[in-house]
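Going by the order they are written in, the chains are A, B, C and D; count residues from 1 in each one.
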Amino acid sequence: MEINQSNVETTIEDPNFLPKKKSPRLERVKSLMVKLVTNKMSLVGGIIVLIYFVAAVFAPWIAPYDPLGIDLPNKLQPPTADHWMGTDDKGRDILSRIIYGSRLSLTVGVVSVLIGAFFGIALGLISGYYGKFVDTVIMRIIDVLLAFPGILLALAIISALGPDLINVMIAVGIFSVPTFARIVRGSTMTLKKVEYIDAIKALGASDFRIIFLHILPNIMSPIIVQGTLRLATAILTAAGLSFLGMGAQPPSPEWGAMLSDGRTFLWSAPHVATFPGLAIAIIVIAFNLLGDGLRDALDPRMKN
Amino acid sequence: MFIFIVRRVLQTIPVLIGVSLVVFLIMQMVPGDPAVLLAGESATEEQVNQLRSQLGLDQPLYIQYFDYIKNVIQGDLGTSIRSNRPVLDEILVRLPVTIELAFWSIVVTVVLGLLAGVISATKQRSLTDVSIMVAALIGVSLPNFWLGLMLILYFSVQFQIFPVSGWGTFAHIVLPALTLGTSGAAIVARMTRSSMLEVIRQDYIRTAKAKGVKQRYIVYKHALKNALVPVITVVGLQFGALLGGTVLTESVFAINGLGRMIVDAIRMRDLPLVQGSILVVSALFVLVNLIVDISYKFVDKKVDLN
Amino acid sequence: MTSKEILKVRGLKTHFKSGKKVVKAVDGVDFEVKEGETLGIVGESGCGKSMTSLSIMRLVDEQGEISGDGVYFKDQNLLDKSEEEMRSIRGNQISMIFQEPMTSLNPVFTVGEQISESLRIHQGLNKSEAWKRSVEMLELVGIPSPEKRAKQEPHELSGGMRQRVMIAMALACNPSLLIADEPTTALDVTIQAQILDLLKKLQSEFNSAVIMITHDLGVVAETCDNVVVMYSGKVVEHTHVDQLFDNPLHPYTQGLLKAMPRIDEDVDELYAIEGTVPNPDNLPKGCRFAPRCPIAKDICHEKLPELTPLESGSKVRCFAYTDEWNKEESQNGDINKEAAPSQGN
Amino acid sequence: MVTSTKKQPLLKVTNLKQYFPIKGGIFSRTVNHVKAVDDVSFTVYEGETLSIVGESGCGKSTTGRSILRLENPTSGEVRFNNINLLDLTKREMRAARKDIQVIFQDPFASLNPRQTVGRIIEEAMEILTDMPREKRLDRVKELLQQVGLRPEYAYRYPHEFSGGQRQRIGIARALATNPKLIICDEAVSALDVSVQAQVLNLLKKLQKQYNLTYLFISHDLGVVRHISDRVMVMYLGKVVEIGEKKDIFDHPQHPYTKALLSAIPEPDRTKRKERVILKGDVPSPINPPTGCRFHTRCPFATEYCKQNEPTIEQVGDKTNRVACFYAEELS
């Protein structure tokens, strides 16, 4: 009997089995960074995003000209050494306007995604966790929001609230709610069936504890991925609204609005419409790259 | 199957009610008095009050809503402020143009997207695959209003292959359909690829290999049919994005469709027209989704939609 | 009884490279299967038994590298075959049954279509001939009202039924070798009994050789003639089934038998093999079982023993059966008698 | 050998029913029920191990979950220390949970991957006891040692451990609040034989040490024979036979028990027995057969069995209680 008891005790010794002691949370962040950096595409995406953010924060120091400075004698100039991206119909430097414009676009993107994520996560958690009647009601509301095709819901909201950048953030935020809600709901429902949730329920844990300590931390990966990808969509949508004249108002250097201004001179000065469009396309590509990279890095199925 | 269809049809009713409610409520949020707006600036107070009671605007909100719904069901979407014509008539004039545009765009989306996705998946990690995926990434990221302008710039202004704007012949359709269909095609391509790769990892593909089935048959017979299931959902959702996208595309190409009309109506503050057209487009989308879901059920019989 | 060897595996290796690490899933496996014989391959998860079978069929995915001296099927080396030639062998001369009947059938085709496919590929039957034969096969594997069932899709069938369909599919072209990879693990015991019974019946009917891959020693006892025991990518023992239970040779096999709770015996305390299976990308230097072995000596930690044939006809990979053993001083000084291999067969 | 002469009932389950509604039709009404557990009664005595065996879908796991109130039983009583758990409010139930713990099957799914091992074990005490934080940490380390793990492992995350080690962590969590009853829901089914033996030995050791009572749910009859004092066999939501381990294994009375035992592949060739191979599959628990639920697969079923449902009764001179009309004749 004694021998066997010791047998049990010694079964676990395997010094090679565990890695050296380090903070596992730090390890995880580190390994995520390593994965993102080794994935060249997401590295490129990350760097571009960083450049845009730097441009936004330090716009006054970086921009060569005043974004609103009218210089009519030099209007509609093609790209030159003085004006790398040329000037618009009022002689304003397009590069400076694009640099300042990153402030607007990134703000709109981040704020609207935060709005969408906040409400979406809340609705998704409640819906997925409680199920039944609550779920039915919330999902019907989400269905209604999804029934508005594309940017029409945002347009409808703007048409009521009036064209303004703040309203664009609200509209695009609401437009993002269903995506977050669905993803969070799905993950919550999957997670609810996992045994460790049952284990914690068997301990009599409160719903609050289960949702915020056990479910939410475990569904952060898809939320972060979605958030990043959603930033791309939000910036696109906001630019689209401004393009239609439903967002930022002249003379503010919003990319979509600048693009819209450039349409008039498409024949004579195509650069006026080209560069703002490129600015949008590149940041959107960057967020998409970063989002895809995060998905690959965080998706457990990709691990071998 | 029959029960499923009936249930699915019935499920769209609350959604439609919800949509109408949202549209109705959003319009209530408009600052200012609609009666004043309608009566025009020169109207006297008395005229405004008369108009207000005539339109039922002095009634409680829910009664206004019920009246609104009653009218909608009877086909009365109100009267356009600008043209003074029934909203429904205005919409019906523009709708065929938008539907035609949407149709050709979805063709671009599905054909281009599926083709690219399947090619990409079968040649995983090859140069072709990488090129297609880079193209798809750019495709989802380009603002379509900008893409439209660039297409005009090169194909209409520089090479003069296609007309700059307008509507009528097939040549008019090409650029707008490409503009509108590109992002959808890119999304479908990415989805098809990942779905194929997912399916190829499944046990039953291994079974097929163990049976000695040729690679080509494994891809096109065993894998594709299974991989299409999630793609159908994406196509359905893309149709919505596409309908919304008409707003921008029609503006860029100066096409007199519903989308452009909505933008103009918002600009003119022609609220009944905005309300009516958003309602109609949304209802159209709900209908399309219904059809997609039912066809989905046919492809994948074990799919559990509830 | 010396019947012809239908399959001879020599030095088979399947390595997976991921980054700098090399995972040696199968690492030098030798065994042979005789005509009409059922050979069991047993071992715990991660020992490489399933990967061995996939390697024989050359169905390992791209990252896996198969190498070795040869996999001789009817005297032809399968490792030298072109992909085209392999395809004509798979499902025709060698076929497979997999563990998960729920996921191993294609959900969008009827079971009749899936059985027909093999027949059409390998026997050139037309659609209606193949269908007819498929229905016959379904009847043969004991599926009631086979005409109706053939038209159903897999999700309409129970797990046991699906495994019968898999068997019908595997046997459709009358293969000379059938590889069954844990065919009953996902099934309940009463269904397992049905399937094992069916397999035995059909084997005598079709006279195929069978490789039965399983972790369940009970299944081995019921179905196999000879047994290969695998541990950590290597064969540690190859013996007759009676020998395996009466006189297990390798300390691992001995431990495994004692660790298994039995339905016909009461023991107060089960024997437990210490420790865990080594990580396949970080294998110990000497004998792979040495870190867990109750009788290991210094040499076991230094050198990898060979698979040594004994007089009895069994083979074992353990220094305790070699001359080197007695030269060594025992590390423990005190050999656990129960675990010590009894010599002199 | 512990042969308790004066056995105290710890858990008494009476007429437990757990039906799950099936929605269907155009309006998603409840059209039917999955009768997962259908009128099950049994008693678990202090310090013993009662095993529930049966094939998938027989309701054994659902029974365990219903006792823990992870499901809401349709009807019946679950008396623990003479208190009906099903009557308790959520708050009152929390107090009872201190005494009833559970160990789950999947060692990879039953631990929260984002928590350290220490935190996982500590949380049980945090919720159920008012032990101060410092003491909880000491207790965690003590528990880890109890289950044969090093105390330092408290700072590691679950993914760093093997299946067997994770299962030990699960056991430590279950022990944290000094429970009286532990429900082991297929607790060793996912483990390889050699590791399974380690965990089974540990469970036995702990039982002796703390006078634990186990409700051991398993489909593996070998494991059941090893760990149990008494065994209960379930089929399609019903109890078909219950009795002392020896009597169930050596003198099974119910045709299903006999078939189940004979279906297990026997390693020892000298002990080969006549196989009873049951026909067909287990019927659906949505529309279970009338009369005796086993009659569709029973080799001895008669017309009478199709019409009438047997009650569970004492048969023969052993401890077996059996739900079969012909148990006496067949034995």
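The rule is simple: a residue touches a chain if its C-beta (ideal position, glycine included) is under 8 Å from a C-beta of that chain, and two chains touch if they have at least 3 such contacts.
Quick caveat, the model's predicted, so the values are computed rather than measured.
A.B. asks: Compute the shortest path length in steps from subunit A to subunit D over the network of touching chains.
C.D. replies: The least step count works out to 1.
A.B. asks: Of the chain pairs B-C and C-D, which one is connected by the greater count of C-beta contacts?
C.D. replies: When C-D is set beside B-C, the one with more contacts is C-D.
A.B. asks: Let me check something: if the centre of a chain is the mean of its CA atoms, which chain is farthest from subunit C?
C.D. replies: B
A.B. asks: Quick one: report the Å distance separating subunit B from subunit C, using the average Cα coordinate of each chain.
C.D. replies: 54
A.B. asks: Report the inter-chain centroid distance for subunit B and subunit D in whole angstrom, where each centroid is the mean of the CA atoms.
C.D. replies: 53
A.B. asks: When the centre of a chain is set as the mean of its C-alpha atoms, what distance in Å lies between subunit C and subunit D?
C.D. replies: About 32 Å separates the centre of subunit C from that of subunit D.
A.B. asks: Express in whole angstrom the distance between the two chain centres, defined as the mean CA positions of subunit A and subunit C.
C.D. replies: Chain centres of subunit A and subunit C, defined by C-alpha means, are spaced 50 Å apart.
A.B. asks: Please output the residue numbers of subunit C that touch at least 2 other chains, ranges allowed.
C.D. replies: In subunit C, the residues touching two or more other chains are 269, 272, 276.
A.B. asks: What are the residue numbers in subunit D that touch two or more other chains?
C.D. replies: 162, 164-165, 198, 201
A.B. asks: Subunit B: which residues touch two or more other chains?
C.D. replies: Counting only residues that touch two or more other chains, subunit B contributes none.
A.B. asks: Given the complex with subunit D, which residues does subunit A contribute to the contact?
C.D. replies: Result: residues 4-5, 7-9, 11-12, 17-19, 21, 24, 194-196, 198-205, 209, 214, 217-218 of subunit A touch subunit D.
A.B. asks: Within the complex, which stretch of subunit A touches subunit B?
C.D. replies: 140-141, 143-153, 155-162, 232, 236, 239-240, 243-246, 256, 259, 262-263, 266-267, 270, 273-274, 276-277, 280-281, 284-285, 288-289, 292
A.B. asks: Please give the residue numbers of subunit D that touch subunit A in the complex, ascending.
C.D. replies: 65, 68, 70, 90, 93-94, 97, 100-102, 104-106, 109-114, 116, 123-124, 127-128, 148-150, 152, 155-157, 160, 162, 164-165, 168, 170, 173, 198, 201-202, 205
A.B. asks: How about subunit D: which of its residues touch subunit C in the complex?
C.D. replies: On the subunit D side, the touching residues are 55-56, 162, 164-165, 192-198, 200-201, 204, 219-223, 225-227, 249, 259-269, 271, 275, 277-278, 281-282.
A.B. asks: Would you mind writing out the residues of subunit B in touch with subunit C in their complex?
C.D. replies: 202-204, 206-214, 222, 225-226, 300-302
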